[in-house]
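As structure tokens, here come the structures.
Here come two complexes built around chain A, the first alongside chain B, the second alongside chain C.
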Partner chain A sequence: MPVYSISHVENVRICVVMVGLPARGKSLIAQKIVRYLSWLSIKAKCFNVGSYRRNLAGDRPVDASFFDPKNKDGLEVRQEAVNSAIRDMMSWFMDENGVVGILDATNSTRQRREQILRLCRENGIEPMFLESWCDDQELILQNIADVKTTSPDYTNRNSELATDDFLKRIAFYEQGYETMDKDVDNSLTFIKLVNVNSQIILNRIESYLESRIVYYVMNLHIKPRSIWLSRHGESQYNLTGQIGGDADLSERGMRYAKRLPELVLKSLGEENKHTNLTVWTSTMKRTQQTASFLPYKKKLQWKALDELDAGECDGMTYEEIEQKFPEDFKARDDNKYEYRYRGGESYRDIVIRLEPIIMELERQENILIITHQAVLRCLYAYFMNVPQEESPWMSIPLHTLIKLEPRAYLTLVTSIKADIPAVSTYKEKGTSQLGETETMTSKSRDIIRNSKDLA
Partner chain B sequence: MTQLYSTESGRLFHAGKICIALAGLPGRGKTHLSVSLTRYLRWLGVKTHSFHLGDYRRASAVLDLHHELFMPEPEEREANEMRNRIVDECVNDMLNFFEKDKGQVAIYDAVNALPEDRLKLSQKFLSANIQVLFIESSVTDDSIIMRNMESAARSSPDYVNWDYEKAYKDYSDRIKFLTPYYQEMGTKDAENSLSYIKFINFGDRIELHNSNYGYLINKVVFFLMNSRIKLGSVFFARCYKNSLEYTQDPPLDDEGDKYARNLTKTLLNHLAKEGKAYAKHLNQTSTERPKVQREYSVEERHPAAGVDGVDENSLVVWTSVKKRTMETTKYFTEKGVNIRHRIQLSQKNPGVVGGMNEVEIEKKFPSEYALFKQDPYHHRFSRAELYHDLAIKIEPLILEMERMSGDILIIADDTVLKVFYGYLMSCSCYDIPSLNFSTDEIIEIRFNAYSNSARVIPIESN
Partner chain C sequence: MPVYSISHVENVRICVVMVGLPARGKSLIAQKIVRYLSWLSIKAKCFNVGSYRRNLAGDRPVDASFFDPKNKDGLEVRQEAVNSAIRDMMSWFMDENGVVGILDATNSTRQRREQILRLCRENGIEPMFLESWCDDQELILQNIADVKTTSPDYTNRNSELATDDFLKRIAFYEQGYETMDKDVDNSLTFIKLVNVNSQIILNRIESYLESRIVYYVMNLHIKPRSIWLSRHGESQYNLTGQIGGDADLSERGMRYAKRLPELVLKSLGEENKHTNLTVWTSTMKRTQQTASFLPYKKKLQWKALDELDAGECDGMTYEEIEQKFPEDFKARDDNKYEYRYRGGESYRDIVIRLEPIIMELERQENILIITHQAVLRCLYAYFMNVPQEESPWMSIPLHTLIKLEPRAYLTLVTSIKADIPAVSTYKEKGTSQLGETETMTSKSRDIIRNSKDLA
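For the complex of A and B:
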């Protein structure tokens, strides 16, 4: 089975070098790029120079003075940290066939960037510099608040002292900071983001995958918002255990559709009850029927949100598939992510068709998506960074509204169960019987079950 | 319910009305930009029209060519009046396009040399609730300007029936006259509030100002990032045996194998005849092909590592992941050509009407059939994909194709080829479903600044 993706990547090597003062959202951007590419099966990894530095510094206390350009000891350690990070990245490219490596550090001087440039070129790679530049004090303080609570440098430190120390650290970096310049750095590939995308300079973008990364970054925003996910209500096919098809909702499914507007209001909370949502459904009857009682004006159908196409197995029950195609049945259990139904699709295929949806979701604000089990698993996997081996096995029950709130370094999940019974459509590995048992093994499956239940 | 990309009859609900105003001296490829953006946006289903000020000037000028007319501030009163009248006429047509024809994107192709004029234009559209984005094309590389001047002297509508030398001189005079007047965008503070993109040396550098634009403009930027002056060709070939049911996935039979061999032979012969240097190596039977790869020093830029189509002298084959299309490429593999499998190239899912001919469809679904006949591009039979769905699915491939500078062969089902061809040849979406591709031909598309061209290469049989 050939591996394919949004772009041919077999021998592609891209090294993204972050540039910018502390608290400019570099790590956030780097992590989102890694999550997005990994979800698309493009091997990506972030090399955070700070953690190398912490390892090297050992027990030495790291406060602002460590970052003083006059502190020789500090300089040496930081230099060594960059070198090790790049060394590790290059062996990751070689030994593990990495495709996109991200060097997450300030890289604030031209001298440092020149040195990285040479190291990359010695390995046959033209690096892409990605600078986040910001002089909006409010944004910076907001970022500092984020960093303080998440950076290992400030665990167990008094909050005010930490802010103070961090501002001093930034001041040291500012002394030598040289921003990417369109004249001086004209020969380099670089992207410069000014005040969260209000100005962007793109210089010498040379490959499709690079442009894809840029496009993704351009679509990111930091406004608070939520995404709601729900499967369609129970369908006639769910009752009979058949997969695929384009069946109508069952009587209980219809009850869920009628209850859904109330669940959404509950999830929005009293003060946000007038928030206007946009509703996305698939082109299938069961998702449209589920959305039909929602009061929101903007409703969109996406073919890309249709359920996984089971090809020749469409309309069968799992028992019938096991009888008729025993080998396929086993092959699917062995590698559910890659298995493609005869004449149908695999989970990998779904991820590729969902990519434009993810891009659009990043750009949009409040969206409610009503779709199908397999598609929901893939969308959920993107936001929660669930690995491919686990995502097809997650249990996402019917008649449950899930709310995702993307935050800087994680996504919060809450769920509300409608008190309307429905069959289980969950199939455990190695059986054709539906339903969840006590002995289930997969780990990530529990994320939804253990999410905060608002009901 | 609406679709993300709506039909030509309505606008995208969440994108609003946009005027893209170009700016830049002659010879900076503005017309090329407006033509390629119009093609891309229309293909996405966005109602787009480009308005070339030059067309209006040609239609109204008494003297056919009059340098004064190109100037932003002509000294003669008469010329000044005429110029203002021409600009007003063009702008009014754009406003009418938005108001009466439900247009979504108007592209205004003019020099727009002065900040005052640009601000005035922006205010005029903003007051009509139309977003304005300027794209300023500037070129610092003289060789690009020379090439554009040659191409304008040869093919610009201003110089029909002109002697080439004379046309070239006239065009270069025109640039000389205008250069002192032209004021780059963003050099005056008054323009700080405008949204504009500086497009420098055809995408070498792109600068976005006030760039929280929204959906459509982000797409335009992504397109600009990948848009290159293309030298290679795109070839289309159908996959063998196309009357199969959607869900079936058999391997190639003997006939199919013969087809694969003939297709390979025909294309490689054609490429050799065209004098493509790489084709010579491909046709050698020896397994040892000389690898031309030079070493780069750390002092110079390296080419993108491992990326297809960086070299204009290369061929790559794209196929779907169906067995028969993958097997069709095996003789290319033997010749050392790179093959890329793309799930997006799988044929259009026919849904409930799979395996039926039109007569059968009409009999079984008479009312649906009538709707389908009205709009075959957008009509969805139950569980079927639309041509429009295919377009959304293959859009990333279209952009990647725009970026690559070498040759590409696409082997796919004819439903997919129609959508690719429709994009490259700017077909209306009403014509795309009825395009026809024969299994005994390869279609070659060549890129050109004003419009692309297609030609047929018969597949040799033996």
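For the complex of A and C:
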């Protein structure tokens, strides 16, 4: 019996066609949209034409001259790359029930865009153009610096030469570039972002899914910032192995709360020690007690950060649940993401209620979130692109501060362990036993590995 | 201990300055924003310069010549009206802690807008301009028809003459009208809506609250549609006076479910009987059983439509709650909107989780929602502008279908009672007793009165 979130109201398939010169942050936006939609269980995939072009061109080094409109060979390879990417995208829509495909390329001429438009219309896909337009030189140079460090085109190349070459490549694209125009392109569905989002033009945004993508993109910013995540300190319920409830911290949990300010300072480093954080907690005592020694003035409580509601199982141990509801216990192990406790919630339910939190996190700068195991798993899954079948099984131990630093194409993760023991609340699949006292060794590495995978 | 919803993150005050010729739907947009924000507990108020002008001009009939830029007397009165409205708005920001004030007037020249901008900046208020620009003649004539039937300027006037006069008034405004320009007004925060929202230009939208207003306005449409609301049929728990749970319908509840398709048809009338509705229910059995005989194909379940979570009181009767938690019982009666059940929810919590539902309702056309008492009260409060201190006490009986028809400046309400008895689930303040079997007489009139109040 499917439960509908805000994401399942329509039966629409969208092709987001990126538009813009090189180094305008197109791939970054495209990847963020894919990550956001996937997290919301909306099947999304990015088709990067540059990767297709590199596959076709083989190992030949590619410099700016390849992008000269007068370079016939270059043109041919580039056209073939676009064709392959579009072909694959269409197969993905048809054979794999894709919902939002993103064609990540410059798509800088009306002719090219009309070709894509036609193909979309023939296949019953809604085209939505998303242009990133930018004339802020500082932003462009920053983007070039990011691209150079990540693009396979510039692996092992001298940094200055690479910048120079990249600027030439941009100049070639500029020759034929036609920006989306609010009058000329009036019949198309498009979003035009001017200098990140200092100005946004929206044209014929009609479906719900389009409006969600617009709202998400509107809220992105590129200022550097960090996000800190921590579970509450060990609670009285953790000691007895009970789930849910609204218990106080244990003596060791209180020690973690007192240590937390020091861990945060350590993660900031000497030069940033005066950075002002905002602290978000749930409405439950154990997260507020954990936050109580932090010196930051702005502390907000969010109901949306409350722990997964275990419904009728609230206050029980896993053993008691296994005994009282053996079928439910097994069903949860079989599909932990979808399983909803009787009268309570599933991981999917948490993701739905966390969506506004994620939107707000995208808007904000430095935020420290103190929340609960299941909620933290969902937040972490968003930032680190952890698939749904894995996220409910991630080990995120007590008494550990996690710092996330979103960068252009990856998120850096640092885990800082407080040297204060705590029980393990990690339950392996197929058992009702909790793990040994966690020592933040292999388990914590799980988290860090995830971050490297993304990179 | 305040709990933060998405609405309380910042400490910002905004003056939304409407811009646009007469008959561009400015007042409608302004009033909807106020209703939406008020429902989210964000203090908002609209200052309509037309009302100030009418107060100043007294009973003198006003025709188009009053708006002739060469009419010195007219100009003077109009300037005075704007000044008074701004003065009152600033006092409201300062003395009553207003958060979003809307200045509803044409504000059609840059000079006027600069005057307002200056005043806002002097008072630490963020100005956000919201222009409704329209060249779709059909839309304009439709708007004029709406204005004529509601504007005090045209009370008891011949309809054709009124249209004629109104078109002249618009022509006078057109003489000096300066639209918001994406280049000239590049330094201002503004939203420009072109032909409702077929194109939208957003410039320097920065704060969270601004982005919420933008997203709400983006999602509004003006197609005629209706929304139907019903509680589930009488449940087994209703019979025993228990709250919460996930009980089946009673025999009478099932009779209501079987009758519901007929009630819906009746509400549609003969000419619209083939209208296709979408049915939304909660995830609970009693709402799904109530929907089970409806002939519409599209039925969605929403967790966000589940009943208020009574936490530890789930499954209890009010008498049991009064006995077991006498202080809580009293606290809830004292402030029913804010009271949160131990381990459960408050009305405020429901409003927060209903916000995406409201946004989706604004986007959709004909929707029939089958939900629960507290949730229905909150939805109804949004559409009918019922204040928070009243909404948790509204009587919404079982076995009654409510049809809402949003119009330009009011929402029409029709209640259709199924002739199937049900227990009352209405608890008066200060007692743990439920009412007599409800007969849908005085109680149902409460609802209808609310609708007239709004008109």
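Everything below uses one rule, namely that the second predicted complex is superposed on the first by the 429 of 455 C-alpha atoms of A that agree within 3 Å, B and C clash if a C-alpha of one lies under 4 Å from a C-alpha of the other, contacts with A are read in each partner's own complex, and residues count from 1 in each chain.
Methods note: contacts are C-beta pairs under 8 Å (C-beta built on N, C-alpha and C of every residue); 3 or more make two chains touch, one makes a residue touch a chain.
As the structure is a computational prediction, the values presented were derived from the model and not from experiment.
J.: Look at where chain B and chain C land on chain A after superposing the complexes, then choose clash or fit.
T.: In the superposition, chain B runs into chain C.
J.: I'd like to know which partner A:210 touches here: chain B for first, chain C for second, both or neither.
T.: Once the two structures are laid over each other on A, A:210 reaches chain B alone.
J.: Tell me the contact category for A:13 with respect to chain B and chain C: first, second, both or neither.
T.: The answer is first: A:13 touches chain B but not chain C.
J.: Is A:219 touching the first partner chain B, the second partner chain C, both, or neither of them?
T.: So A:219 meets both chain B and chain C here.
J.: Check whether A:55 is in contact with chain B, with chain C, with both or with neither, and answer first, second, both or neither.
T.: Neither partner.
J.: Using the superposition on chain A described above, determine whether A:276 touches chain B (first), chain C (second), both, or neither.
T.: neither
J.: Looking at the overlay, what does A:195 touch: chain B (first), chain C (second), both, or neither?
T.: A:195 contacts neither chain B nor chain C.
J.: Name the contact category of A:158: first (chain B only), second (chain C only), both, or neither.
T.: Touch status of A:158: no partner.
J.: Which touches a greater number of chain A residues, chain B or chain C?
T.: B
J.: What part of chain A is shared between its chain B contacts and its chain C contacts?
T.: 2, 4, 6, 8-9, 182, 186, 197-205, 208, 211, 214-215, 218-219, 246, 283, 300-304, 309, 343, 349, 352-353, 355-356, 360, 363
J.: Provide the residue numbers of chain A that touch chain B in the complex, in ascending order.
T.: 2, 4, 6-14, 117-118, 121-122, 124-126, 182, 186-187, 197-212, 214-215, 218-219, 246, 281, 283-284, 288, 298-304, 309, 311-312, 340, 342-344, 348-349, 352-353, 355-356, 360, 363
J.: Which of the residues in chain B end up touching chain A in this complex?
T.: Counting only chain B, the residues touching chain A are 1-4, 13-14, 203-212, 215, 218, 221-222, 225-226, 245-249, 296-298, 301-308, 310, 321, 326, 340-344, 349, 380, 382-383, 385-386, 389, 392-393, 395-396, 399-400, 403-404.
J.: Quick one: which bits of chain C touch chain A in the complex? Just the residue numbers, please.
T.: 1-6, 8-9, 182, 186, 197-205, 208, 211, 214-215, 218-219, 245-246, 283, 300-304, 309, 314, 343, 345, 349, 352-353, 355-356, 360, 363-364
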